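In the two complexes below, chain A is the common chain; its partner is chain B in one and chain C in the other.
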Partner chain A sequence: MAQVNSRAVDVINLMHYSLLQTDFATGTMAPTLAAALPSVQFVGDSLTHLDYHLRDATWDNGRPVLATDVAFTLKLMHCPELPNEGERTHFSFIRELLLDPADPRHFTLVCRGQAPEYRLDSGDFPILPENPLDPTHSLRQFSLATLQDWPRSTAPAPAVAALVQRYQQADPGHHPERLAGCGPYQLAAWEGNHSLTLQRKKKWWGDRLPTAPLVLQARPKQLQFLILPDDAAATLALRRHELDLYPQVSARDFQRLQASATAHRELAFYSGPSYDIVIAGFNTRRPAFQDKLTRQALSCLFDAKSLLAGTQLGQGSRTVGLLPPTSPFYNDSLPLPAYAPARAVALLRQAGWQQIGGTWKRAAQQLAFSVRYRADETTFETVALQFRAAAAAVGIPVALRPTEASTLTEALRQGDFDVCVRKLKGNPFAFNFLPILHSQSVGEGNFTGFGTPASDRLLEAIAAVGQPGRKRLLLKQFQMMLQKEAPLAPLFVLPYRLAADRHLVQVYPSGLRPGYSAATLTWAATPSPDH
Partner chain B sequence: MNARGPTRFASGSAYWGAVAWLALVVGVGVLGPWLPLPYPPATPDLAHIAIPPGWGNSAAAHYFGTDPAGRDVLAELVFGARELLTLSLPATALATLLGASAGGAAGFWGNRGLALPLAIGPLALAAGWWLLALPYWLISSIILLIISFLIFIYQWKFARLGPRRFAGVTLPLPLDSLVLGVATLLSAVPRLVLVVALAAGPPLSTSQLLAVLVLVAWPDTARLVRAQMLRVRVQPFVEAAWASGLPEWRIWWRHALPHACQPLWASAPLSLAGLIGLESTLAFLGIGLLPTTASWGHLLGTLRQEPTAWWLVVGPGSALLFTLLALQEVARQLSGLHSSKEYFNKTASDVTAAHLRTKIK
Partner chain C sequence: MHLLPTPLEELTLGESSDLSHVGSPRRLADRQAAQRALYHRLGLEEPVFYVSRSAHAPIRWYWHGTHNQYHRWVQQLLRGNLGYSYRTGQPVLALLQSALLYTLPLMAIAIGLATSLAIWLALGFALAPAEGGGWQALGRTLLMSLQAVPLFALALALLLLFANPDLLNILPADGMGTAYPPLGGLAWLAAYGAHLVLPLLSLVLAVLPGLVLPLENALRHELATPYSSTARAKGLTAWQVAYQHALPNALLPLFTTFTGLLPALVAGAVVVEVLFALPGTGRLLAEAAAAHDYPVVLAGVLLTAGARLLALLVADVLYYRADPRLRPSS
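Right after this comes the complex of A and B.
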């Protein structure tokens, strides 16, 4: 269930369907396995009931997709020792799934809180089949809330432990064929570090639909994803027609391709705002970063304006927090973080640091640290180099530690870093920051280790609030709190850029991952016009 | 000294051109931090990313352009030269030293010439057991240490009392097989593959990368010196030294080794060229070095991000090419000088005779 990296989602969404998935044509969530968007019923002042009906979908063996499969998936998500920390926290608002004895395709999700986003957010996880993974239905004896509240210090129940062991032995992360989904594609070939080939299923339940909505269309007979080591190799492959579509093109390659007359004849270019934000995170568990003044001081050493201009060639936008400026909840009364070395020095002094012999010291501590980032990301390297140079100018030694992607994720999870530069993915549907900033997510998705009782309360309130006016107020408070506490420094919102063969239509470019609709891609006789 | 060698040595204009270029590289590398460069290394100029060389009136012009991260190419070139002095040159020196010592010792003593006290055997076994964390490593290591200690005490005590069985037993060290075995093992894997395997993962510090380069570079030197030592140790002057009763360490160090190392004058520049090429390849591939470490290879590697930036090839490419050619020219000249048979024989006999005279006095 958990993805080793975010790009795995691109493939997983084609093999496994969720209740709701992104409709790239409209930029909203649309029912996929669900027959319609869930109906919402507020219960009292703290609960929400979401009523779902499933489509007449089937697994590959002909068994229907039932509410019990949804319940099983949610429970599996909360089984201990499975690497689902992010999803576990994200979907912790779903406390129970009520089955309908009269209709096996009907169920109700009981959610804690009354956030309007629950309607769309509650269905965004791939549904797994219960029978192949749990033929004895051993998870049915546990309620979802029981699994969610299971103490971390207590060993899991024997039935749960056995299921977890079976799941781990099946190793579906490396053997997806052992975990068939109800999506239209199946893995046909996987060449490590080279390519993934997905084949359209010959017999798929979606073909029976008289008029399939966009999210249930699966046009290409075969999709091949090439794993290319760097931007230059990908650009070359695109120009040699070895690639038909190239998402997340770097700013310079995109500009170069656009400037090329040949490329312009052959390729269509799409760009726009995305929901991905480049941030610098401080490990607040480190003694030097435990006080907010030090974190604020170091945040002043990031030159976000120049970095945006230099790395994204002016595309994208700066932001005050974790919401893009296009969001209706953006706090435009806050000033954009400014590059201010002099202010950084003043804040460091205020935090108790003293410059002695060219180094900053406070009691027995010395202000010297390292910055970790993904080794293959030029943007992150430029951010790290700029920060290092700015820090050196005020007398702070900074070492750079570029790290391979999966090693970095593990290091961040274990708190083995001082400062990290990374990308946070967002979407316009939900404002749930619990997985990345709540104190209960420390060691899971909350890499910075930040969390105070006040910030936890605020995040919980944001995740559960129902009234739009109140939500706006809380989100503005959240952005203010983020600037004040500075557990992370938001640098800029990335743009999305996509280049595709001009004969490829129904691309539906989008700021949401993966940036296009792979299942609707079609070849057209005439090239598409300029965008 | 042979009069013909230095004359030929000094006459080549190519040689002097090579020396001048190497002197320039060394000078720039040594004086790098004090040169009036417009920009420091590893510092991005975000307003000027991947711009071509500019010679405008601006005080902050990028004379050699910038790379895709906005780093000044001139500063990277200067500090890349410094990297040669702090990495490739010491690596060559250390690899030569290690290779010459190991190869010279292996060739001189062979497999039976060097014997160690018997107590060393269990001691080495204990160290190996402990390092490899074999089963029951703690108790096994302690037992072996005790055995080693007992052997030492026994031999020491009976050596004082007089010859006894077992008291004078030593452990012959198969030095030649050991050195050749390790050298063959390291050479069995292509050098680049071995270095990539060792340097893959988190970037290494300069000293760690230095150790990796030394590790892969010493076997060539060791084999060369060993082969030369096999010839030298049967030369009359060495036999004369044995006959005069000189201690074997002295014969090895003062008489045999200097002559066995003569070919290194020609091979060391080639080793240096090889290591510079290897370090540049690693940096080009983005392996081993931190992004803050200036390197010509790293600068060349940034071309992948900006394929149209010709200035990223011209500067570091030319510097690398000229340096490698210069080292080859120097090696060629030194090889010509030291391959003179007369030079070798005359020098060898002169030196040995001088030492022998000193000894006889």
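Right after this comes the complex of A and C.
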């Protein structure tokens, strides 16, 4: 099995179970350590209670997985000096965990604020055992909120400092064998930056379940992940059966493999829409891009259909907004953005631009700008080149500024760009566009600088709505608003591509990371049919 | 001014383009608090250097004293501590050591093989007639063509030729074995050897022309000198004249080329390591540079610079030993 993954989250999910994990068959979150999805109760107008019951799961030593382990994990997450600032921020909405004295497997999470996404998001962190890390239960004397609110200028409490020191000494991040999880796999071998081998535990609590749901299945006896940085080498390794499964195959290699008769006999190919969308963003702080008509006009110069054919070799799909067409909330009554230079010219004139001496002018402004994108992404470069050619055809000079990734992020954050081409990563579970389009996120994730009181209200409503009917309505409004205001032009939804040995079944290919279900993979006697 | 490792920040705090983390509306203040905590943990809150300049007009210079990241880094360096990787949190020394375990043997074997082969080929070419000649002429043309091929194209061509089910499927595509449970003894050695064939071949073929062609030229020059004629007149065979008399003198200009290869012993060869998935220093440093993992990059630069200085020293010593004219007594 091959996978290039610096964050290792996908491997961690096989060794340490969370309360909820991704079910690749349905593309939803399913209960893993939790017996069922939590029940939600809104308290007043600012709190959410999530009620969890744990399964009859055990650690490797036979000790049951209890609510105290969940509480310990949440508290450990908020201990200072541990390298988890991202998770700490992300899960800061969970303010307390209320234990049930009558049932050690029952607990309630008290969350600050009210958002429907809390239900699934609250269970998406691996649970660690309390006893090996904190045998004296020293963290139990602190409430979760106390640890969260501990001032950074104040030294941590002695018990917390001692625990942090113990954790750092054990260094389970680099020595996973020192902290066994309750997942079905344990680390067998690890060659840094090259390969990682997981071995199925001989005795695992999940084996006792009469019918294990998909998220609790662990079929392969051994899983080996290889890091192959070069696409050509990875493709050859797959052909030579040094690999059985290759996710995130590049468009060109995927097509080449499909075209090879020998490869086609041996390999099964899977492809479908992912949740990542390529967009072009306009810096609405620039005088030329402050009016929506100019932005709409320039959006008409992107030829999404040809770009999809050229860069993704026909895979993937076009979209009307920031949702993939496969989403139940997709607004299919809106027209797909079309390449329309004539309409672009008409809209520019409507916006007050006039073509004088071959250049577009409006008062003292001249319509000439640059496009910034990541220098190492050929897809973005192709988009920029197509846009430049289309713009030149209607008399707009466009300069291309390919930029190194981190310099680009900094430049976008500081608003140092006119038009940018980039990728937004989405998922099917929740919709929160606040970080990229809300006026309060300007200077952080909202690079375009867009945000009107009306759009802010709509985005906040989407983030807070729970009822599916209402959510559908709001998201459709959002897609309409996006087409009308055009702070960014959604170009196309990228596809996922995966190639695997034909005899490998139960792959469950998906647009969600890592793109397949590793724990369910099974060898079959008969090869799987074409997909 | 602070050192802003943006990729690291995105790695730890999540990418700003990632809409997956949607449970809590991430406001600017939350992100900034997490950013401050991250900088505090990594010791990035202090200024980078002793002095800094204001970013905007009017330009002003500020003195920060010894409370700066560079001073702290030098202090730690003098204690033998190269710091910790921003990405993995591991000590940089440990990371370099494990990468050198792959790079040193690979590069040492490659340099050793290339040098021996270069001497053998240069002797063979030099003893052939300058005009015409059978395999020597063909070999010379091949080497000249090889010199024009960049390493990545050469390595990729070898990979596509020898590890391709559609052509010759005789060598592994991966530069390292992945057997589990690990192989032992001879089986391990055989597997290790098989996996190293293509990386070694790429490296040897890439440096060979640069060694052979100048050496052949120097040998031809030496063979035309009066002392070579004298040696031949005394009845020595052509091979003896070339090997025993001409070669020691012809090798002199090669010392600089040879020692120029030594820094690669520790710096590795990025192209080969990436293509054949070898976790060596070249890949480590390239990935660290891309991710702005400054402690690793600094240590790598330090190591390579040290190796370069050592190589220059070795070149001087070799010249001194090989050329009596350089000795003070002469």
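What we mean here is this: the second predicted complex is superposed on the first by the 308 of 531 C-alpha atoms of A that agree within 3 Å, B and C clash if a C-alpha of one lies under 4 Å from a C-alpha of the other, contacts with A are read in each partner's own complex, and residues count from 1 in each chain.
Note that in this section a residue touches a chain if its C-beta (ideal position, glycine included) is under 8 Å from a C-beta of that chain, and two chains touch if they have at least 3 such contacts.
As the structure is a computational prediction, the values presented were derived from the model and not from experiment.
In the superposition on chain A, A:Leu400 makes contact with chain B only, not with chain C.
After overlaying the two complexes on the shared chain, residue contacts for A:Arg256 are found with chain B alone; chain C is out of touch. Judged by the touch definition given at the top, the superposed model places A:Ala309 against chain B, while chain C stays out of reach. Applying the stated contact rule after C-alpha superposition, one finds that A:Gly86 touches chain C and leaves chain B untouched. With both structures placed on the common chain, the touch criterion links A:Glu242 to chain C but leaves chain B unconnected. When chain B and chain C are set side by side, the one touching more residues of chain A is C. In the superposition on chain A, A:Ala375 contacts chain B only, with no contact to chain C. In the superposed pair of complexes, A:Lys425 makes contact with chain C only, with no contact to chain B.
In the superposed model, A:Asp230 lies in contact with both chain B and chain C. Comparing which residues of chain A touch chain B with which touch chain C, the overlap comprises 230, 232-233, 407.
By the touch rule above, chain B contacts chain A in their complex via residues 40, 42-44, 46-47, 49-50, 68-71, 201-203, 286, 290-292, 304-308. Taken together, the chain C residues at the contact with chain A in this complex read 4-7, 10-28, 30-31, 33-38, 40-41, 87-90, 95, 98-99, 156, 159-160, 163-166, 169, 172-174, 176, 178, 180, 182, 274-279, 283-284, 287, 290, 292. Of all residues in chain A, only 230-233, 250, 252, 256, 303, 306-307, 309-311, 375, 378, 381-382, 384-386, 388-389, 399-404, 407 touch chain B in the complex they form. Chain A makes touch with chain C in their complex at residues 6-7, 80-81, 83, 85-86, 88-93, 113, 115, 117-118, 120-122, 152, 173-174, 188-189, 191-195, 197, 222, 224, 226-230, 232-233, 236-237, 239-240, 242, 260, 262, 405-407, 409-410, 413, 422-427, 429-436, 438, 440-441, 443-445, 447, 460, 463.
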